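Worksheet: the structure to be examined is printed underneath.
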């Protein structure tokens, strides 16, 4: 008898269900002697022993469905070592649930924060397999994560729609794309949507450069400018601040987000109407795109193979188009950033896109 | 020889090109002895005699294309009687262009403000035919306008995506839908997207009612709430202000829009995470939906018929599924609001939707 | 205590779930003292007493979901009076189930065939409310049916995609749209997709006219032609046959459908490559469009109102934008055809579309 | 002065315009001293010196547009060495145009057949750069081609729609996906769409295995089966025929395509309703997906770099996520097939998909 726990943690994204379906179908293809414990709302379900027994039927028909049938929640890693409001030791509680249910392993789907906790549980002796889930594609050790391409599709669709209306007016359109620390979604959606300016957390911007691009476009008979900005984009000036100073500045700014701050910065430089679009959580929603479904299904099948082989302590990863595994200890706590010198950046610049830096 | 001027004015929307194509195809089906003058950027093109001669070829392949091949601009009606920066009399300038080019008529595509100026030009002796273009569906005298259904589709798609992610978290999701004075888009998208709360300019809301809905949903095991709010939604309190007092209050508020104000109002009442999505100008962009293309094509054909019959001074309108014409003088300056007692509101309430009013 | 039976019958379509949700939400908004019996797979479930007890929870989250949670099947009306394979009297069996469960009424969602049986059950003394479901929009007594606009959207999307590839090649593209007897979907999708030729069951075509259109387009520098044909389109020649002769001819033809027959007819007339697209059942699938969701929700609410008022023997119908009821006896057995003299046909012809008839 | 010829050849697909835009933007970013000659309708334009001078403006706004602004045509490689109807030597004619216009190089976008001719021209001394365009992803030497992911998206969307309607009925649904020789599109769309059976040209099928899958699903309470079949799928029996015998058999079969043949084969084995969907050329149409736009833009930038460096005789290729070049001589005439032993096939089988082979 194989006893498998499963949970989804962190901000949700597309293809979580597809990935879990892949794992479960993969297990059942080899054995029916299995019990699946689905923990509710991420690590919280494991802590408080809140779960449901699931059968293969529960995973039928969910390939195309957004969200996660298990629910999710954010459980910051830095609080994991602190007791909860009732004094409960969170890590001990999770271990207790795991051992009480006599689990053979725990399948965890999540992003960066999730992997830190997953690795902690591994260090505490639990048998863990993780799947790389995040729209941000910022997990170290894998070429790709599921959720990313779906988010890019949605952000691109947003820019496309703005484009058709932009050509009718003389304005600057700012589209704020998800990504606090890492700019992959903005980068890809910006290129795909034909943005004129792309601002990423990894490439600090100079507002004068931006104003200059807008100006030069106007002079060349293109009265509108499309600007795709990642939530965490930062000016060259702010990039010089310490982390603490910057956090303080953000907390005090009177704008709800970077798009509104940019609007003001632009309008200080020039007399231009600005329009803002914030697709927000739409970027995490809806049915996963075909790419993500294939990725998640394959990753799930790979996870099933590892589980059946008794290989634990790994994240399933994609390397050069094939699925493999990387040790959790190598992954946890490391972010994969956009490299400002990557060829994709150079290629984007060659085709006329400004990153606001030069 | 038939000489036809054409312009698109006001905020752009889907199916402007489809409608112009309908007009032009309709004219050419009866005669080749025609000249089409396309004025650039709305009434501005007419004022400053900025136009291009167009042929049937220019209207080929644009049925599905968003935006407008003529460009558009907002020219507030209240400034029409005032001279421009160089002292030019705008109305006289437009009449001058019309007569100088020896036009037989002017085809104008636009919304509420556009129709006020169109009617003014009619009163000044020009032969005018207008087409009802606006995502807001707020034009008096027609059951429907083109642009509306496309905007509803996009706003609904936004709510759909939020829905899948909403079910994974315990939050209030606010989607801000276009509509400063009139709530049709929000109403239809809200029903179509399964919003729990819909806030319209026509039905002032009570924040306590909203908090109550959120609370009762949570108690019924539905931890999330979807709130669709029109840009111009107003609280019962603010609805008591004079127009002047309200404008002052809006100008002074520290939030960029109603969604952010609602977020704060909700968080004053309860401890709930709120997430905001502002689809913004995406609601005006992209290819028109099938409904709008059929509507715009038929309306264009109707306009062609009127022009060929020499019937001027009308807006093309849809009444009970058929296209007809209504006198411009009856249309100009009147808005069509959502009736709080309409059957659609009652039907929506029956299916459990709250309008925040009771 | 209110006991309500519910079933969906005939070819499935979008918004069936949305409509049932509307009914159930509408009932529960007035009373909790209700039992819902969901019969499986249409009238079959009623015949063989195959049902599930459903609660409001079963109807939660299904607004956007295609298909029907109850399943459906085709039960030809003409066989209703004949016993089944085991000698069971079908009508008596349905009445028996109804009375055995002590139902207050039966809510039936379906199209033309479904309404004939619904009316038969009404004549047999059952209390019936029906909802107008069909992609064909061919139900007599209502301006619109749900499913239609979604099908038009999909067929239009198909033509759109063909259009982009068509412009790159010199070919005739045939898109076969659903509609055996009635051509509304083809008509609307054809106009919306910018088809050059639209062939409907209601307007017999002449292959020489079609060849002529293709020829004249080529001469005018437009090497490709887009032809949208309804499944049931018929040549002028075949339209002269008796129904029996025509059925025989169809049964004997060696082509799987009209598109393939047209291909051959065209290639007999000219040397042209032809490409065929058959979107088929995709036209019934996927999430309903916003229009259909609003329509179905409102129709459901109206049905709930009728049930709570004890008004039975009606189909919910839309007339001039408002929901009302029409007696089942007036509806059953009548089809609503496209009128060849309707203004939409004239308007389409004015904009250059050929119906292959002149 | 740089003189660049450009042409698109073979079946069209998405992102052709995006790729050409990338090349041209990349060239103009370095020099304005350039002339672009766009040949009409593929190699035909080069043969008959049918071209237009293009400027950067012609490539503006086409990133998102399907089709190709240059037009395309199929010019079979095997006829290249034969004179045309007027006795013209095709290869000499193409060389003549190239030299007459004093071109520095020729940029060719196309698939397998196109590359054979491109390589022939290279051998004849012309300077060539090619870009890997095909929905089939069957070009040797590159991990990916543009057009593929867009085609997968559309085929997946087709299967999705069928899925929702399938669950309401008890039927076998066959979706015929493009791919005469190579099954990548069917493979990926089949996995993404949750097909139960996937039939590829590379894995001959056994109709008994297919019947068995349908039977076992029905016994497990799943009355419907989704079968995704590539145009070129072949039975084990037919796979034993010589190429000539097989071609003869195909030519003589009375079905327009494999889907209709499978229908008959299935119905010979069991009493099951079958429904067929042929998305056909929709798979080549519409706006390219975000992935393809990024791919095509980057590939175009890479081509520009090669041109500016004077490196000719290459196809731009993607290897492990980076763009590089491979010698045309290595690419021409080789197809990249789906490997029946690839890990993606194994992973798909693990998740329960049958390939009809065992």
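The letters A, B, C and D name the chains in turn, as written, and every chain counts its residues from 1.
Keep this in mind: contacts are C-beta pairs under 8 Å (C-beta built on N, C-alpha and C of every residue); 3 or more make two chains touch, one makes a residue touch a chain.
Protein identities per chain, from UniProt: A, B, C, D = ATP-dependent 6-phosphofructokinase.
Model, not experiment: these values are computed from the prediction.
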| item | value |
| --- | --- |
| Maximum centroid distance from chain D, chain identifier (CA atoms) | B |
| Copies chain B and chain C touch via same or different residues, half shared test | same |
| Between chain B and chain A, distance of the C-alpha-averaged centres to the nearest whole Å | 35 |
| Rounded Å distance between chain A and chain C, as computed from the means of their C-alpha atoms | 42 |
| Length of the line joining the C-alpha centres of chain B and chain C, rounded to whole Å | 31 |
| Multi-chain contact residues (two or more partners), chain A | 160, 163, 167, 287 |
| Chain contact graph, described as a line, ring, star, complete graph or other shape | ring |
| List of chain D residues in touch with chain C within their complex | 8, 12, 65-68, 71-73, 154, 158, 160-170, 173, 254-256, 260, 275-287 |
| Chain C-facing residues of chain B, complex | 21-22, 25-26, 29, 61, 63-64, 143, 149, 152-153, 156, 160, 163, 167, 188-189, 191-194, 287, 289-291, 293-294, 297-298, 300-302, 304-305, 320-323, 343-344, 346-352 |
